[in-house]
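Next come two complexes, and both contain subunit A; in the first it sits with subunit B, in the second with subunit C.
Up next is the complex of A and B:
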């Protein structure tokens, strides 16, 4: 248990630090790199929760494929580190308002988290059947069975989303020649 | 339940229950294929294919309504209950009218991706129908994404008009952010209840199910879930304070798309919101009702107040749609079965009126997207009496004058609010409706009781008003307008306004229409499709006001879901 706790705090520090790095680095490539670190630490979180499959997917898809795509685009556009893209002058009052609202939200969430309780006996509900399935068949198999049986319909509708995305890429990305 | 998510197999009956959605999807694919074989210049046929698909889907809805078994399908993912079919009807009506408008709009504007345009219209409608019929958080989200993605692209589909690109980009960035917040809320709701199915969530909060939790409270996770879900939905229905995107997107998007999206998104989002909050989280209503109470008041007040100062009618309608979202939120905050049927009636009447109102804007809009300010409406009754009369009827209805659809919708919502012990909301709603009358009637006044201004009338006055309209876009240019107005040729009969369309603004906004603008100071005559669509909208606006019986019955049947 102690090991788990130490792992949690180390990972939490890395995750929060890298998330802040994504926002505060001036160089876009550094932002991308700290986003990779953030996603990797999330993968380790999933590992500590014994969600092996989700952790693998997290590394493969997010830290892998998606981030490579991001890096490609960022390096292709080649921003120089002294490009000031923040435009802070015009948005100064928004900074104040944003920080104020953020503090209020954080205080409210902390208040709720420390005075209320997390729902403890959730296991009585639908999550129980999932836990049972995972225990008997293992992570990946349970995920696959749920995806292709009970959740097959939303999964199929995701295909419609892909059609729409392709249409959008064609409609907005293709050069129209005469009209440009 | 006999089947677990790990062994469930879909059956033929499952597919039958999503018949309208299947037809719309099939029609969308058909249009995309047909686009390859139909030569340029005859793309109007694609609209015909789309319309046939919509009509077939309407027949499918009618079949399911008469069938009336109201079952869920695909492991409780989607339902064909009356609520779903009712919203399908409204969405199909809206997309049908939008499609009727489209050929006329495409002909005059810089839409070059015609096949994709029609396909995406249908796919957006499909997303809305899925979202409104979904009984599982997963499908609500996938449907929402389908409709949002399609609409981002449709907003930006005029590749050479700057405002259209701006609208698409703004909508994309802000709306994706809101989608992420909504998804976060769904994840937390799953975390606190252990299920993504709405009936499962409802059962989790059923009295006696978890006695320990019920007495000690469900903890912060659930509160955070409800907060995030509320923010996400409020953004999608453009409630204040999440409304900032609405005017720019509604004005920048192609008008035929605006007419469809302004109602379709509202129907889908409000129905999904009702399913999540009124139905699944109904037992927790003491926590979310006050939030919607505040949001409803803010939206009614803010939407109407901001609409009052608008000088562009298209923008005015965008703010009026925010105000109308406020009236609908009154029904959510009231949270009774009666109020829910009121919400559905309001949605139906709002759909009919709003597609009509944007249709008029489309009919008067010039090729460069200008020509919709109050000054352009001046004296419209003399120039185009038919269009002016249609606009007057629709505006009277939007204002809520008694024998019209708008009155029926407001009556049911406010009456339910009073019965449901929310007299405060009803009073604010009625007062703000009176405020709304001011700006709706001002347009009517402009059409019937003012003369169109011309050059000799005084360039100074025109310069002043143009400057005011220009402020809205952040680039007032009175000097330019004044100098242009003094030299602009006035064409007898078609001189809508002496304001020059060749102003610097069109050059500024990087459009190519500047090349054709000088020759097009007047809006062209209505196409057949636009005429049919406008007639349909006006007739239904009147009919829903005179004989609201059938739609009220259907809405009450749909709202019975809450009583179960």
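Up next is the complex of A and C:
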């Protein structure tokens, strides 16, 4: 129990610190690396919440594949996007307003999380169906059963969405002079 | 740890992401802030799945991951093509969709 609490506080500190790094670093590459740290800390959060398979795909797909794509584009566009300094000084009141809005949003959401009925009711329900499945079959098997039995239609739609995204990326990435 | 603690971390991450979208002018960093918000919601989904003993939260996270991947692919392609025509990626300067 104590170990779990220490892990929670350390992971929360890393996640929030790296999230602040994402929005406050000037260099976009540093923002990117900070975001990868954030995603990895969230994967460890998933591990502490016993979602092993989701943590694995978080590391493999998100922190691996998607972020590598991101990093390619950031390093490609970085020299021009580095000079954020004038933009920051030009509209200083906007920074204040934005950060104030963020603080208000965080406080309101935390208030809702600690006092709302939802969080209080969670303990009362809980059919222990997932725990039973995981105990009898294993974590990944429970995930696969749910995905391919209960959620097979959303899964198919996801495939269609990915095909559309790939086609869109190809259409947008083509040089505009290629047709002429 | 109670559920509220995880929800609070998720709420703080979401607020940081929303702040980043508002205050940054580099579209790449705005994109990263959107990723932050998506992942914050993922954390609360996983926390609910754990505390409700239900597998639905994992499903939602799986679908959110896929949608985020598709969104990143298309969005980065748009940013790259804007950069090709304008040689400048500052959202304040981008006020027309025509190339």
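Here is the rule we go by: the second predicted complex is superposed on the first by the 145 of 180 C-alpha atoms of A that agree within 3 Å, B and C clash if a C-alpha of one lies under 4 Å from a C-alpha of the other, contacts with A are read in each partner's own complex, and residues count from 1 in each chain.
By our rule, a residue touches a chain if its C-beta (ideal position, glycine included) is under 8 Å from a C-beta of that chain, and two chains touch if they have at least 3 such contacts.
Bear in mind the structure is a predicted one, so any value in this text is a computation, not a measurement.
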Quiz item: For A:149, is the partner it touches subunit B (first), subunit C (second), both, or none of the two (neither)?
Solution: first
Quiz item: So, A:38: does it touch subunit B (first), subunit C (second), both, or neither?
Solution: second
Practice problem: Of the two partners subunit B and subunit C, indicate the one touching more residues belonging to subunit A. | Solution: C
Quiz item: In the superposed arrangement, which partner chain does A:160 touch: subunit B (first), subunit C (second), both, or neither?
Solution: first
Quiz item: Which partner does A:19 reach: the first (subunit B), the second (subunit C), both, or neither?
Solution: second
Practice problem: State whether A:168 touches subunit B only (first), subunit C only (second), both chains, or neither. | Solution: both
Practice problem: With the two complexes superposed on chain A, say which partner A:2 touches: subunit B (first), subunit C (second), both, or neither. | Solution: neither
Quiz item: Regarding the shared-chain residue A:76, is it in contact with subunit B (first), subunit C (second), both, or neither?
Solution: second
Quiz item: Can you pull the subunit A residues that subunit B and subunit C both touch?
Solution: 109, 112-113, 119, 122-123, 125-130, 133, 142, 146, 150-151, 154, 158, 161, 164-165, 168, 172, 176
Practice problem: Within their complex, state which residues of subunit A touch subunit B. | Solution: 109, 112-113, 116-119, 121-130, 133, 142, 145-146, 149-154, 157-158, 160-161, 163-165, 167-168, 170-172, 176, 179
Quiz item: For subunit A, which residues are in contact with subunit C within the complex?
Solution: 4-5, 8, 12, 15-16, 19-20, 22-23, 28, 31-32, 35, 38-39, 42, 45-46, 49-51, 53-54, 57-58, 61-62, 65-66, 69-70, 73-74, 76-77, 80-81, 84, 87, 94-95, 97-99, 101-103, 105-106, 109-110, 112-114, 119, 122-123, 125-131, 133, 142-143, 146-147, 150-151, 154, 158, 161-162, 164-166, 168-169, 172-173, 175-176
Practice problem: Spell out the residues on subunit C that touch subunit A in their complex, using ranges where they run on. | Solution: 1-20, 22-26, 28-29, 31-33, 35-36, 39, 42-43, 46-59, 61-63, 65-74, 76-81, 83-85, 87-90, 92, 99
Quiz item: Considering the complex alone, what residue numbers of subunit B touch subunit A?
Solution: 3-10, 25, 29, 32, 73-75, 77-78, 110, 112-113, 116-117, 119-120, 123, 126-127, 130, 136, 138-139, 142-143, 145-146, 149-150, 152-153, 156-157, 159-160, 168, 191-197, 200, 204, 209-210, 212-213, 216-224, 512
